[in-house]
Amino acid sequence: MGLIDENTSGVFVISVTPFDEQGAIDWQSLDRVTDFYFEAGADGLTILGMMGEAPKMTQSEALEISRRVIARAGNRPVVVGVSAPGLAALRELSMAAMDMGAAGVMVAPPGSLQTDTQIHGYYGQVVKTLGPDIPVVLQDFPLATKVVISDEVLARIINDFPSIKMLKHEDWPGLQKITKIRQAEAAGQRRISILCGNGGGFLAEEMARGADGAMTGFGYPEMMVQIARLMTAGEKDRAHDLFDAYLPLIRYESQPGLGLAVRKHVLARRGAIASPALRAPGSGLTAAAAAEVDYLISRQERRLKELG
Amino acid sequence: MGLIDENTSGVFVISVTPFDEQGAIDWQSLDRVTDFYFEAGADGLTILGMMGEAPKMTQSEALEISRRVIARAGNRPVVVGVSAPGLAALRELSMAAMDMGAAGVMVAPPGSLQTDTQIHGYYGQVVKTLGPDIPVVLQDFPLATKVVISDEVLARIINDFPSIKMLKHEDWPGLQKITKIRQAEAAGQRRISILCGNGGGFLAEEMARGADGAMTGFGYPEMMVQIARLMTAGEKDRAHDLFDAYLPLIRYESQPGLGLAVRKHVLARRGAIASPALRAPGSGLTAAAAAEVDYLISRQERRLKELG
Amino acid sequence: MGLIDENTSGVFVISVTPFDEQGAIDWQSLDRVTDFYFEAGADGLTILGMMGEAPKMTQSEALEISRRVIARAGNRPVVVGVSAPGLAALRELSMAAMDMGAAGVMVAPPGSLQTDTQIHGYYGQVVKTLGPDIPVVLQDFPLATKVVISDEVLARIINDFPSIKMLKHEDWPGLQKITKIRQAEAAGQRRISILCGNGGGFLAEEMARGADGAMTGFGYPEMMVQIARLMTAGEKDRAHDLFDAYLPLIRYESQPGLGLAVRKHVLARRGAIASPALRAPGSGLTAAAAAEVDYLISRQERRLKELG
Amino acid sequence: MGLIDENTSGVFVISVTPFDEQGAIDWQSLDRVTDFYFEAGADGLTILGMMGEAPKMTQSEALEISRRVIARAGNRPVVVGVSAPGLAALRELSMAAMDMGAAGVMVAPPGSLQTDTQIHGYYGQVVKTLGPDIPVVLQDFPLATKVVISDEVLARIINDFPSIKMLKHEDWPGLQKITKIRQAEAAGQRRISILCGNGGGFLAEEMARGADGAMTGFGYPEMMVQIARLMTAGEKDRAHDLFDAYLPLIRYESQPGLGLAVRKHVLARRGAIASPALRAPGSGLTAAAAAEVDYLISRQERRLKELG
């Protein structure tokens, strides 16, 4: 399998980790959802992200998930989330995943970082720990990490650490950040791949600003695939038409904390996983929420039919 | 003018404060936007909220804004945001606003509160400071305040402080919180009015869960008014049809920090205020963002026409 | 009265604001404690700081306190804390205080600032708002403000905003920050006065690293005065002997939140203020805590006698 | 080895983890410092705490450290810190450590907890995950964890989860919290052991309020041992005399972040570990800081000699 690089584009779906009702990993469903994502048109997968419930795994479970998904993906790229409280655990998982054939590793900043210098220093430590050859995805997700990465420090990180090949962009608001990076590149800064997150809620605008695609999840990953293709093809109006049809559900799934239960509800409904269960302390949808989601899905299906 | 109470319903628009390009309050535009909101069907207004740029005012400006809007509103209710770093300033503005004819005051929790006991204690202090006769709106907006108010402490506050008549609901996710309150009321808890915020992004679901309406802002306040009416009339499908037409812009306006610039851009475009300027340190839209908004508006107008 | 500048040195005591048991400002005690501080050897005062309960004042109270203390201080310098949620209120108080004869104003960063760029931008806004002629003290107190100011952004602020004349240093740990500033000055950076806070708990080490004195409070302000003089005179061992005698109480007073009640208890015991009351929502010492403080004072008195 | 219970008292030293200059665990030094702590009079040890650099270990390193120290400690109790981002990793280390003969496990709340209900719920999940037979130490350290545990929620946790046998108390201020717990016990609440942290900076007062001893670290652990014994023996004045002699260094070591480098500097100076190195991203003392520490030690030695 190849490695991600600064020109990687398309849609990398953030994969869920399926569990059974007792909280054990459901390996059959893991295979099935891996296939499901690729059948929906995914260019790659990212496993063990926040929405993959990564912090709830033991290290040995994380390794086994990596092994299984990378094997199943065949020659298609799989990025492995390796964020950990310390560099030793981060290194251990990264080295193992790359040995298994991962396309790169994703690192979010720990919540203890408070200044530009600390953020820059942390990614310096990560790159020194991993060596120059492992492609790193920087996950920029302040709503979840509490770490705000300014345009300035991001430029310094890009400049100083060439093995950081990709930005998983989920700052919010974040459109201007994309524009600033592309402007800096026009002025000579090293290119970086930008794949966008936040459930695809701004995907059309993000691509118009210069993003290369999406790295995020949604119960209907084909939405991201189609919008990325339409925007790449210059079909902005059609991209927005399609986006608008999915938006009520995107909005509902974007609720922090609750969103993963929504996503797993949809995936289970669609047969991609056997159970919508989250591992504790996560919990599923209330009946009222499930009914709201199902209502939105019925409207979405009708609207998609209207669009043809 | 009457006071808000536990049965208040409908749409209270969170009013912007218009400035000229130098950052001075534009009093003519303040009158105009006040009229604009009522012409759009608002049942009341809330001034000096976060999106009214309240923390940027001097106390004397806050008093003058209150006087002007309350007078302009005539016999329609105006709630005044009085959140302040200390109780003395909060009291001073509250007393003056009520003397001018305000319908109630709105209080968000200061960011220093960290435990249930502290949150409960703070609202106890507020109520003791204001006396039993001033109706208080509790603003529950964790994304902005960093204070998370659990169902349990909210129930204790409702139980202990009868002058808290209304919840400005903008927890996110927050639908289950509404359900819990209404369930508690069914079991005997004192009723409280619930008007929802967050730009109306979940208004239809919120009303289905038992909310009494909206207290929030949006460049097209008639959206809130129509959805509240349709939901009250039991026209759920039509409410969602209309909501979906506005949703792409609601989403765009919901970007933290940036949202107010979007809202003022729209209001200025519509002639409700003379200038989209924010008072420093706020800033306006980039050309790229303004173009994105204008594109969304053109699509919105087309979609609304299709809906008839 | 003169203005503070980049060479200001000595001890500026952070003044308490005395209240009566009902929470009203005790103007007689305010005069008395002003005199008390100067009799203890203070070179200046800083009023309306956090430990002066500034956020609990109305703007008119803040103005009246400023007027009274500045008048009482005669030709000795008084710095006025002007931190506020917005620039308009900050400007209003600053202008009035300078007109009354203040020696400068002190500004802490609002808790909403998250990146180096935002921190730098905020002080740029403050300086633009106040104009180039008002000397500004930058209060660097992350434990209270939650804003961490790195060495790098502090250097940029010093470089870009010449009217920032002084650092109220209370980062913790903070000794290396002083060393870095003095090293930068040796390499050509503009000089800035550094007065240290945190109740004097590291005053001897801070002055050895290059600080110019203290700007903080303590029930025995003569401690700061004597240590500053001894360190200036090169009497390090004697400074530490004296410091160690006061340290048990310094430690006890350093407890966040509780510390001000300790300080007012001591000041009331010493007759500098009539009542130890804090304005609500602050509260006084429990009987157990008061007994602990009194025990420490009796030991301190004995130890000071031993030292001669 | 026996288990800790609600009557455990004395001093459990928070053990450092020694590294060589390359960041590898120094197993010989781990044995040596284990012996050193017991020779200083420790009643037990706590390993893999924050100051044991626990988050920097891989899971296999954590297991090997546990095995080594528990074996070395013989029949003396060793508590193992098992805080982890998720319950699965927490369970894995807990079960292994208890199998090796640990006396209990210590769990700090994750920084994501924001309400009383969430805090209570988290410890409920922990206890459910570990089963009823593993004694749990609740680490209450808001300065580091950002989670504030109110008296009220602590009482609910004590009441609902009997396997939580001990509070590692390091709230600050925290004296009143001890008093409240002991008062609640007098009124019938289940007893809990309280061992205090924060480097021993309030140990005498804490024991006077009802604490059972200390669970913390310091370069001179014999200080904690002696003060705990003197306070237990009712020798309050002598306890304070001794405490005051150590206080200048306690204060210096209490600097967040820097404190561990100070502690390792002292332990290396005393021969308890070979190198003062911290594992990355930690770093050692500057020359200036090392000189300050050495100066304080020389004064401390003189003062202890004076006390006899």
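Letters A, B, C and D mark the chains in the order given here, with residues in each chain numbered from 1 onward.
Convention: a contact is a pair of C-beta atoms (placed from the backbone, for glycine too) under 8 Å apart; a residue touches a chain by one contact, two chains touch by 3 or more.
All values derive from a computational prediction rather than experimental measurement.
The pair from A-C, B-D or A-B that reproduces the interface of C-D, where over half of the contact pairs by residue number are the same, turns out to be A-B. At the interface between chain B and chain C, over half of the residue numbers involved are used by both copies, so each side presents largely the same positions. In whole angstrom, the spacing between the mean C-alpha positions of chain B and chain D is 47.
Chain A and chain D have CA centres that are 38 Å apart. Averaged C-alpha coordinates put the centre of chain A at 33 Å from the centre of chain B. Counting partner chains per residue, chain A has no residue touching two or more of them. Per the touch definition, chain D reaches chain C in the complex via residues 172-173, 175-176, 179, 201-202, 205, 208-209, 240, 243-244, 247-248, 251, 255-258, 286, 288-289, 292, 299, 303. Residues 114-118, 148-153 of chain C are the ones touching chain A in the complex. On the chain C side of its complex with chain B, the touching residues are 55-59, 61, 84-89, 92, 111, 121-122, 125, 129, 279-281.
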